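Both complexes shown next keep subunit A, but they swap its partner, so subunit B is in the first and subunit C is in the second.
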Partner chain A sequence: MKNILLSSFAVCTFFLASAQENNPKNWGELHGNFQFDGQLYLRDTAIDPSGEFYPDERFLGQGYANLIYSNGPFRAGIRYENYQNVMLGFPPGFRGEGITYRFVQFTKDGLDITAGNFYEQFGSGMALRTYEERGLGYDNMFDGVRLIYSPINGLRVKALIGRQRIYFDNSAGIVRALDAEVTLNDMVAGLSTSKTRISFGGSFVSKFESANSPIFNLPENVALGGIRGQVLRGNFTALLEYVYKVNDPSADNGYIFRPGQSLLANFTYSTPGFGVLLGFKRVDNMSFRSERDGTLIEGLINFLPAISKVHTYALPSLYQYATQLNGEMGMQLEASYRVPRNSWLGGKYGADINMNFSAAYSIWKDPIPKTDTLNFVQNGYNTQWFKLGQVKYFQDLNIRWDQKLSKAVKMTLTYFNIQYNQSVILDGVKDEVLIANPSQIKMVYLNAGVAEFLFKIKPKHYLRTETQLLLTKQDRGNMAMLLFEYSISPHWFFSVQDIYNFGNPDPAFRLHYPLGSIVYVTGTTRFAFSYGRQQQGIFCVGGVCRVVPPSNGLGISVTSSF
Partner chain B sequence: MKKIFAIAAFVALASHLNAQQLPDVKLKDLKGNTINSSEIKNEGKPMIVSFWATWCKPCLRELHAYMDLYPEWQEETGVILVAISIDDTRNSVKVGPMAVAEGWEYEVYIDENQDMKRNLGIVNIPHTFVLDGNGNIVWQHAGYSPGDEDYLYEIIKKVAAGEPIKE
Partner chain C sequence: MKKLSTSLLSIFILIFAISCDIIDNPLKNAPVTPPDTTTVLRKVVIEDFTGHRCKNCPEAAKEIKTLEGIYGSQVIGVAIHAGPSNFTGVTASYPTDFRTPEGTAIYNQFRVPGLPYGMVSREGYTATGSQHLKAFNGWGSAVATLVATEATFKLEQTASYNAADSTVSISIEVTALADMLDDLMFSVMVLESGIVSPQLMPDDTRNETYVHNHVLRTMYTPALGSLLQPSPIQVGQKITKTLQGTFKPSKWDVTKSDIVIYLFNAETYEILQAEVTRLSL
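Our next item is the complex of A and B:
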């Protein structure tokens, strides 16, 4: 199958190329990119006394190249990937090399046809979303066929069938999906100038995976339906989406036959100088994979967006949240305000203030005793819609202050107060266990502050500094970090940083983690070299967080695109 | 063998290609409308297309840096700035409030499925393109370091004057 697609793809391209020969003005477009990352690992007995993280290969490297050609209604693309071997912290399922992505796409008579690999998203993705995050090793694209058609103005229908990528293979399960989206103002002529804009949509997704369990009568076909709507009027928007899934016993939910459902609601108000977002989410048993025994990032069909802020400063981002697929209740409030220029608070240049609060709990669970076998297998637990759950997963309050102090100095101050349930987010302990034994919950309470300054030294020369402090009595204890980054526009970056874990409960791990790097950019090509220690980190993707082991060594990264 | 064949086809094509343009894909505007990227035009005048995300600090540093200079750039060259967010649904809902609250005068779109990013071969953001008056990509740059705006403006002035660009 793969070969047939590849060769038909090649034939198409050749055919097109020769067809265009008489019209040399229209050769179409070719875009592509390339990335290679490698690291030479050095044995460091301080960060890794037993050597458990030290790779046998000493040097690990991985890379890929994409090419996408388009010419009017025709488009085709291909990607080669290679992992020799996969770097520490990435899913070890990526091993070897091959052509992982190839597709042809064309539009004819308003019908948009894709054959091969593709990425798709319905609504917010709670029903279906395939995407790639190369930096995290995440890619759940489809290999199949997709049709997109707009029969009338304001209506778009999508239909697809295919199997999802799991590392270098396709999933055992097949996914069939339909989606329709209506933009009312485009469909109804009288509404085209209305101040209120309304759009809504519906999705149906079904997966098939054969089953031969001796214990359970597992469903081979599992369906999911979803509806969504968006209303926009003046400065207000409201976005609502609800999905429901029939029984889908899986490794994630402990093979219970409970149906799943999820609701996402977001409201925003914005006016020049002020913006606010209020979000609410409830997830109940919504893991949806094309392989029922899939774990980690394997074969996820849908995407449940976390409603919390993404932190990028090194220390606070050690404690980031990921949606719990088996159930959670979450809310988020974010507000930003621009303090006017020449005001008492804002000074000569004004300032930006941003505040974000988010919290996530389990859903309320009344356990069903396992002795009540049928009830337990069918429902797993009883719940109440509007009652906050017994287990707190996460809470985050952060406030950022951005201000230009003078022509040459900019300042950003950020404060974080985070509560992080390590048992749930990292260790994956089930709610039932924690409800029964609350003393087992490993909660990390932390306060952190970051001061960032940007100094203009002279034209094109800038110095950026970050001073970070993270205080906690739990986990790895207190840490401090200092970073200096000197840049010369538009080509050079030089940076040095040190993280000092001075409060580690284990004195042997009160270590420094120095790291230096040099980056050279020319056009769209970037070379980066780094040398030093990296402390244990965390990657969160698709509702799953995984630990990136500590390492020491020489890193190299080359990216390029055209 | 067939793989080599396919790659060779690409290479054969690549050697004959025209100036690059933006691919035609579906984007969302801040009102939730789906638009074709081919509708994004600045008739005869240069255009900056900058890819960003709400969580990307260098991107915001870049867009903030342009903000003070933008009125002058527009006046001198007629350039417009199109800021395309690649935020996923976790954050795309924040794009509108952020753009409005910040008072950006840029045209802002959301590339939620990252079709545009993929079709342009973008690896990381920020990634900035300059298009000439005919919509041809004449310059692009990966990343942002403070001060790049001065360099960018030199490029835009040349494009507006119809001069060729050499990196």
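Our next item is the complex of A and C:
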């Protein structure tokens, strides 16, 4: 690790020196950002009676620092990360410290070269997507080489080879990938002024992982191919993407050799004051990882975009849908409308209405009995492309009303009606099990409402309130939440909130979950102090279940950048 | 333009064709080659982190049974009930407490992220890595690789139960088959099989008559082992050890209990050799 660090600094120093030699005034630019999060945990017998989740360390802290140097066509960067030890709720695979990210990138003769770590995405990500989501502890970046080249106007080709990050290691599997994207209007001179803009592309991704199973003849090279196209004309946009994967037995799919397929279609129409989106997705056996036995968030090569709305309000977000890698059929319809000013509904300032409906089902499955061994291992099940599956995974209807009531008051009202299949989304129960035992399905039916108000008290002083109510007879039962945020721009921010699980079926867990925070911002530096209690959660992916521990404690967070 | 498109398409097709294995017959029909009896081969320990309220854990237990069926006594399964009480805790429906302080210590040491997960002879362990942790579907490949490798130690053991004072006497004789520059550690486990107790099943039902096998009951060494021989160890060197442990006949069935001994590298924690002996009255 020390060698990597020294090498990175040596490269930077070399380029700094070169830059100065060529042009004494051009030292390039160095940017960086830093974050530290820590929590002092307090023993809380109400949420953790036996103390099993109370960490021995009492205080846990983690953070990172990025340094990016750029000078003309040259860029280089490193990231230091530390988990001492990893905070509760994050994957425990993160432990320790070190340089996890280092790269050099430069453009020469139209060729963009990256060596080291990098993130990449082809199309919507169904073929390949690597990204970082620090809040979830997710990072599947590549360590390898990437080339990007545009041989002619309107054509961009990408090629890469690398291993993916799994916590502090790189995956055992190697990923090789190619992508070509054509923007027809840029390529064909006669179309450059056309009102219709057309682009299309193709991807090819292959992974290699050695195999030595005593039971299966496992494929060591697994390939995926995809095509996509996008058409824009006036107010209309249409996007279509299809990917196909050859046999890829894995822990996710129970080691069946069935090929995978996924189709994504999105159509939008928008004019000032009105917009509508219609989306459709069908996924069949499309888990694609660098390591065939990876579970949870490990080594995912592709990304299957969710076709439901991501909720940010605390209570509805407890029942957020997660894409099912082994198969799903989903659709989404969203419409938004701007109610004109000085109308009966819109009042003096007008209003915005947004309606969103999404639903996800399993794909139709006719299970093949395991006694038909070869057929079962080859196919797992039989399916019909456009027939809705037997198991409902999720349904969400939400309507939002945004309105400015006066110069000083803005209101947002939102209603949610959600159906959430806990057996599938959290417990990871397979479709075949639920098709055979429909009475085992744990469905949560909930109604929720949120009223949010923003008051301008005086110049630079704002008060934001949220009142949330979630009603359900299943799972943890009814909950209510109240939040007050007071901000004095640009330096101070105070917040208090409380979630009360007043309807929990177990009276011992009818608890309050308070959270208070103070934030101070100066320039690009932010200090945050908080105290709060966190609810426990369980989720299962790929046959492995994990507990997100309950916690109670004092948190500190510092971020800065230059 | 046409030339370029054709070239690109050709490259895609060529790479697709050569970077893709399409398997016509996914099942291996040939029996596993029986081991050469003149060579001392490694025995492989699968430490299966499990829980009686973990619905996918029976699948992992099934995988161990499958591998035992293929490799016989070269595979030694250990069911370690450890992890969050959501999966391992005792309730009225799941009354048996299978957890042990030793199992919990091993679970914590190896940073197990969820259940079921396992380690195959702890291969791949590093202080910050996760390569040593494998989902049960991955155990077969790891076992297949390790059972074919020559052992670096020969391990012989005897274990006898004395009913008069409920003790187990164990003697170990180790012969080095290769040089080793790290310290050699050893661990002694008591496992019990054939325990009938409820288990949560993959279909979310409770199986009242589920049979739990290879359950870790206690250890006669600290959870993370004891020093057997400091380095360096030379080929041909013999190391002997005797020890005694307490058995709880009121809680454990001696006729269904095994003593498992394994040797491991003090630096890498990798299990280098193991043996199992069935206790009897």
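Everything that follows uses one rule, which is that the second predicted complex is superposed on the first by the 533 of 562 C-alpha atoms of A that agree within 3 Å, B and C clash if a C-alpha of one lies under 4 Å from a C-alpha of the other, contacts with A are read in each partner's own complex, and residues count from 1 in each chain.
Note that in this section a contact is a pair of C-beta atoms (placed from the backbone, for glycine too) under 8 Å apart; a residue touches a chain by one contact, two chains touch by 3 or more.
Just so it is clear, the model here is predicted, and its values are computed rather than measured.
When both complexes are overlaid on subunit A, subunit B and subunit C end up sitting side by side without clashing.
By the document's definition of touching, neither partner reaches A:510: not subunit B, not subunit C. Contacts of A:276 after superposition: subunit B is touched, whereas subunit C is not reached. Counted by residues of subunit A touched, the larger count belongs to B, out of subunit B and subunit C.
The vertex angle at subunit A, taken between the C-alpha centres of subunit B and subunit C once both structures are aligned on chain A, is 140 degrees to the nearest 10. Of the two partner chains, subunit C is the only one touched by A:373; subunit B is not. When the two structures are aligned on the shared chain, A:493 is found in touch with subunit B, with no touch to subunit C. Applying the stated contact rule after C-alpha superposition, one finds that A:247 touches subunit C and leaves subunit B untouched. Once the two complexes are laid over each other on the shared chain, residue contacts for A:151 go to subunit C alone; subunit B is not touched.
Subunit B and subunit C never share a C-alpha pair closer than 18 Å once the two structures are laid over each other. Annotation: subunit A has no residue touching subunit B in one complex and subunit C in the other.
Across the complex, subunit A meets subunit B through its residues 3, 6-7, 9-10, 13-14, 17, 24-35, 66-70, 75, 77-78, 99, 102, 119-121, 123-125, 129, 131-132, 134-135, 156, 181, 183, 186, 197, 199, 230, 232, 235, 237, 239, 266, 268-277, 279, 303, 305-307, 309-310, 312, 334, 336-338, 352, 454, 456, 459-462, 464, 487-490, 492-493, 519, 521-526, 559-562. Residues of subunit C that touch subunit A in their complex: 1, 4, 8, 11-12, 15-16, 19-23, 25-28, 32, 54-56, 59, 66-67, 70-71, 84-87, 111-117, 126-131, 133-138, 140-141, 143-145, 202-205.
Subunit B meets subunit A in the complex at residues 2-3, 5-10, 12-14, 16-18, 20-21, 23-24, 31-34, 54-57, 61, 88-91, 93-94, 96-98, 100-103, 112-115, 118-124, 127, 140-143, 145-148, 150-151, 167.
Interface of subunit A with subunit C (complex): residues 50, 52-53, 91-93, 95-96, 98, 151-152, 155, 157, 166-169, 172, 176, 178, 180, 187, 202, 204, 206, 208, 211-223, 225, 246-247, 249-251, 254-255, 257, 291-296, 298, 373-374, 377-378, 423, 427-430, 433, 436-437, 440, 442, 538, 540, 542-547, 549.
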